[in-house]
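In the two complexes that follow, chain A is the common piece, with chain B as its partner first and chain C second.
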Partner chain A sequence: MSVQQIAAQVTASAAPLVSVEDLRIHFATRDRQTVKAVDGVSFAILPGETFGIIGESGSGKTTLGRALVGLVPPTAGRIRYGGEDLRSLPRRRLRQLRRDYQIIFQDPHAALNPRMTILQSVQEPLEIMREGTPASRRRAALEALERAGLGPQLAERYPHQLSGGQKQRVNIARVLTLRPKFIVCDEVVAALDVSIRGAILNLFAELQQEFGITYAFITHDISVVSHISDRVAVMYLGQLMELGPTAAVTSRPLHPYTAALLSAEPQPLPSDMRTEKRRIQLAGEIPSPLAPPSGCRFRTRCPAARPQCAEQAPAWRELTPGHWVACHFATPAGAVLETDHAMTTTANAEERT
Partner chain B sequence: MSATTLLPLQQDSIVVRFGRWLRRDIRGALSLAFLLLLIVVALLAPWIAPYSPTEQDYANMLAEPSARHWLGTDDLGRDVFSRLIHGTASSLYAAFLAVGVAVLVGVPVGLVAGFMGGWVDLAISRCIDTLLSFPAIVLAVAVTGAMGIGLTTAMLAVGLVFSPQLARLVRARTLVVRQELYVDAARCFGASLPRLLLKHVLPNAIQPVLVQATLLLAVALLAEASLSFLGLGVQPPDVSWGMMIARGYMYMEIAPAQMYVPGLAILLTAIAFNTLGESLRVALDPTLRGR
Partner chain C sequence: MQRLELGETRSHPPAQAGAERAAPAAQPLLTVRDLSIAFRHRDGEVAITRDVSFDILPGERVGLVGESGCGKTVTGLSLLRLLPKRSVRLRGQLLFDGQDLIRLSPRQLRAVRGRDISMIFQEPMTALDPVFTIGEQLSETLRAHFDISRKEARERAVEALAEVGIPAPGRRYHDYPHQFSGGMRQRVMIAMALICRPRLVIADEPTTALDVTVQAQIIDLLCRLSEETGTALLFITHDLGVVAETCSRMLTMYAGEVVEDAPTDAVLRKPKHPYTSDLLRSLPSLSPRGAPLPSIPGRVPAPDQMPSGCRFYDRCAYAMAACKGAQPMQAVAPGRLVRCWRAHQLDLPGAVN
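The block that comes next holds the complex of A and B.
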């Protein structure tokens, strides 16, 4: 799907498959503090697209992904599936709806019960749905395994006898038995060897073609996201910093954080052949979600931070059609990456304290 | 290609797999053989034993082991070997009853406490702590006092006292297992609570219980011995190993075999239970099987 088509869809506001409205997910820690893992996030995922979500560890992207399939209850705000809110549905309908919205986890090994054979694991969703007979479920499971690239000789094995890539294929096959409309892919290739990442990513792309699946692709790896996503959302400390068509976000980022992520991506070229892009180095670690910075959450690491950033949280605004950003100073021309010298030092001084 | 044609996937029959296991695990096989032997002995006691357990030989009281009385006689002239054989049944019955009760009560309680968390866990855990502070024998004494003397009531009480140990173990494992990703995955497929507990949590939390249960079998044997020693368990004319020790220890300087023989029987049985438990743990864990 081209960028223009997506943008057209966004502006025409085609019925979204999943819409997230001011979602907040807070956890209480042991010492009664509150971690705001997701803190006011809104977006909509359209049918058939691949929606990328990028963020560092601690940005809340995994919590967001789990919330998208109902594994974590929202503290506030809501998630609607084709217009329906899970919490207001009767049980039967909930089960029906659930099968359309699935998740594949980062750790392919931990996602499989070590005491169940591959075949038992892959059949389980159909058993739970009470669909078909034992024989038909077995057939469906073997077909799904085959579609995911695994032969039936693996069916009677246990998870620990398979490689990481094979296990991730098992997880994919298991979800496929349900023919879901939507799959959250939470760092699905991060735990795999680089050599097999490409094959697994291609499998996801093929399945999308074949079954018209919509993906929410969560990753910390901007190169993965930019290759496979139609649109991409950039998350930082529980909030969205930027959201837009992938081509627009990667070619003309509106938020300094996105610009920094992009410039951190290694270029497979000798240094004298690299493009002129100046590298933006982010100092320090992501602040604790227990005590996020006031105003703009990114200001403590932002190269363009100004006093206003500490006082006022930037509005979430649509700067160009379909391209949203949360930065006071962003212009349609791109992110503001510089501030005057005095301001830079203020920001740095603040960071050290 | 159709999936069905590719499916000769035959599993070896359970007999073949069992045979393979026996050959690989000698200690486990020996323990199993010993325990099976005990069960056979318990069932066939009247036909195996040379004498009745109550038959008295007044000419040979507190006799040394001899051709006539293989393990000697007790203070009433009863054949120790015959009594040992007849005592097997009550000792095994007592041990299995107590541990059976402990498993049936402890495992579900621990599972629910660990999985539900919150106030359910809090309430159950407090009860467990309270019960754990009770010595098994003391409670068994109290229960037999209230419900009447007898092996069954005494061992039911012992089982109840054992159950918190298992409950605590299962709860601790469940706390870990419920966080596992495969539990979340099953939840995402819409798995019901019983399914989550029985298919995903229990099989992955039960392992230490198996080992602990075999240890408890050994402890239960001793508890039976203690209670029968105190006169609260097996009642004459029935025999048990514990009762034999209770009587035998009074004459340990004159006829030591009377005490050591049932003691050795308890020791060997306890070791066999423990060894078998360890073997089961390995055999039932697919991750410890050959790759």
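The block that comes next holds the complex of A and C.
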């Protein structure tokens, strides 16, 4: 994707907070193969928005999230923060800039040091930044805990004495102390029970309103991502399949993969209210990123795959304003879900796996 | 589908698909009566579940839902007596086909496990033995229960693999668990659970570790096989969407008790217990986008601090003084039981409003 296209994508609105340009992240395996975890991804995140990234395991969404906060260096392409490329910065400036870009992980327990009290954990980022005095750091930490919905009585406890929801609140408080502009939330509610998920998602929304934080919200859960995101990017095998405003992507998906994801989500509704069109059954599972399919990466599972899909990678194109897709056959009316000889592809789905 | 013809060694004829289920007021296949599970420790006992009672009819699919720690997994494990005998005390009755599983000798239990009742676990990788091929593990199950030759067992194992949609089953028979993907491993687990044509399968979060598109495949497979073979299914899950799509009845557990037992469609439309209602309302897919999500305040009481009355009292928006009294299960409609004395007075929101 060219710079002009990125500019078009953010259509005349504010300058992007984070812009990702043809990002590639490759890992070498022990037997000298290459895992292309992220393979040519371009998008821009606008200030104040919640940018959802959805994908199945192995889609590269976590690697992308880590790259967004500089935890994984890009193999090629670049990520710019407010126009600056982190890799071209001197060390001191990098340190300064980096505090604005934070990440919260999936497992709230693993993210906390079991031998540190909650207060120590929450203060630690400030200590690392050498900000303020011990007293002011303590005060800031208690304030952040309070803001995350945890009283001071929990400050002297250890992680194992807290519930999962409380621990995730600690992790939120911990990044809040640095007053970041941007937070990558990597499956932050996946480990939590449904009954407390709502409270944590609400907290994220409140903090966004209060501090104007921008989020990249990475999840496999369509119901979560569609609830909180302004825009959604759909990832598959290291590439973006679709990107657009949440309402458009969820109500009128342009890519067959997005349509399949949406229809696979089990609906908690009585049988007579569930949509009958139910389930575009996808054959098989996500192929190995060591040997991704030629052409379109999704073609091996796509109900609408045609010979062209194996030969040619689909272009990343903007079908309707702000709504991008990588599929040869998508039209503004929606995703193409059948081939001309649809029976052979869907009926033989089981055998093809 | 091939039916096992092992009449000689089989103590019960295979359930006729559909026939038994269709019969009105069929005898329950499994009756759980006042099952209380307690874990012993140095200073005494911790009660994990209290007076759990429910029935499963032949061929019926029942969902057991609840959040982590509510006792749904231990209840499932107790049905196969898989809990460690030294540290666990079971009280109550587990009547399977008239015999009380709690009173069976280890030898009698071995005859039931895998034969009449089998289990599918959440993590197929830890449930399968890594040092044996899946073919060996499948035929072992058969040969443990039936007096058949290796060759015959092998043939049936290959058939079973084909039945669950594993491509090239004859070749995959010789593969080890690590050579399968997550979804394929779960298919192997299902093949293993069903190979002796049991009358009850306990599936403990069988799709939680899988991606949503693969989950859709596995759910459909389980439903199809249960219908074809007349096998009853106890589906343990935290995902209300999965229950809605697979089960005709739903048991809701909270803090070690069943609080609601009702037909799935009825409970989704009009839950009668405030906890079930709150659980449904906290699903993001049922809230308007961007609106604050309902969540349940507080947390589950610790097992050693369970109130004698309603266990949901502290978190319930409808609690009254009388809720502190004992709450027996009471019938509110035909086939509907609720552990809430206010059930008749309350009009609670469900998944449909």
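Here is the rule we use: the second predicted complex is superposed on the first by the 328 of 353 C-alpha atoms of A that agree within 3 Å, B and C clash if a C-alpha of one lies under 4 Å from a C-alpha of the other, contacts with A are read in each partner's own complex, and residues count from 1 in each chain.
The working rule: contacts are C-beta pairs under 8 Å (C-beta built on N, C-alpha and C of every residue); 3 or more make two chains touch, one makes a residue touch a chain.
Keep in mind the model is a prediction, meaning the values are calculated, not measured.
*Asks:* Kindly say whether there is room for both chain B and chain C on chain A in the superposition, answering fit or clash.
*Replies:* Partners fit side by side after overlay.
*Asks:* With both complexes overlaid on chain A, does A:Ser223 touch chain B (first), chain C (second), both or neither?
*Replies:* Second partner only, chain C.
*Asks:* Does chain B (first) or chain C (second) touch A:Gly198, or do both, or does neither?
*Replies:* Once the two structures are laid over each other on A, A:Gly198 reaches chain C alone.
*Asks:* Identify the partner contact of A:Ala247: answer first if only chain B is touched, second if only chain C is, both if each is, neither if none is.
*Replies:* Second partner only.
*Asks:* After the superposition on A, what does A:Ala76 contact: first (chain B), second (chain C), both or neither?
*Replies:* neither
*Asks:* Output check: A:Ala15 vs chain B and chain C. Expected answer is one of first, second, both, neither. What do you get?
*Replies:* neither
*Asks:* Please state, to the nearest 10 degrees, the angle that the Cα centres of chain B and chain C subtend at the Cα centre of chain A after superposition.
*Replies:* After superposition on chain A, the angle is 80 degrees.
*Asks:* Report the partner of chain A that touches more of its residues: chain B or chain C.
*Replies:* The larger set of chain A residues in touch belongs to C.
*Asks:* May I ask you to decide whether A:Leu290 touches chain B, chain C, both, or neither, giving the answer as first, second, both or neither?
*Replies:* neither
*Asks:* Rounded to the nearest angstrom, what is the minimum C-alpha distance from chain B to chain C in the superposition?
*Replies:* Result, nearest C-alpha distance in the overlay: 13 Å.
*Asks:* Do chain B and chain C touch any of the same residues on chain A, and if so, which?
*Replies:* In the superposed arrangement, which is not itself an observed complex, chain A uses no residue for both chain B and chain C.
*Asks:* Mind pulling up the chain A residues that touch chain C in the complex?
*Replies:* 56-57, 163-165, 193-199, 201-202, 205, 220-224, 226-228, 246-247, 260-261, 263-274, 279, 281-282, 284-286, 301, 350-351, 353
*Asks:* Which part of chain C faces chain A closely enough to touch in the complex?
*Replies:* Touching chain A from chain C are residues 67-68, 165, 167, 181-184, 211-217, 219-220, 238-245, 264-265, 268-269, 278-280, 282-287, 289-290, 292-297, 299, 351-352.
*Asks:* Would you mind writing out the residues of chain A in touch with chain B in their complex?
*Replies:* Its residues touching chain B are 66, 69-71, 94-95, 98-99, 102-103, 105, 107, 110-116, 124-125, 128-129, 139, 142-143, 146, 151-153, 155-156, 158, 160-161, 171, 174, 178.
*Asks:* Which of the residues in chain B end up touching chain A in this complex?
*Replies:* Result: residues 1, 3-4, 6-7, 9, 11, 180-182, 184-192, 195, 199-200, 203-204, 286-287, 289, 291 of chain B touch chain A.
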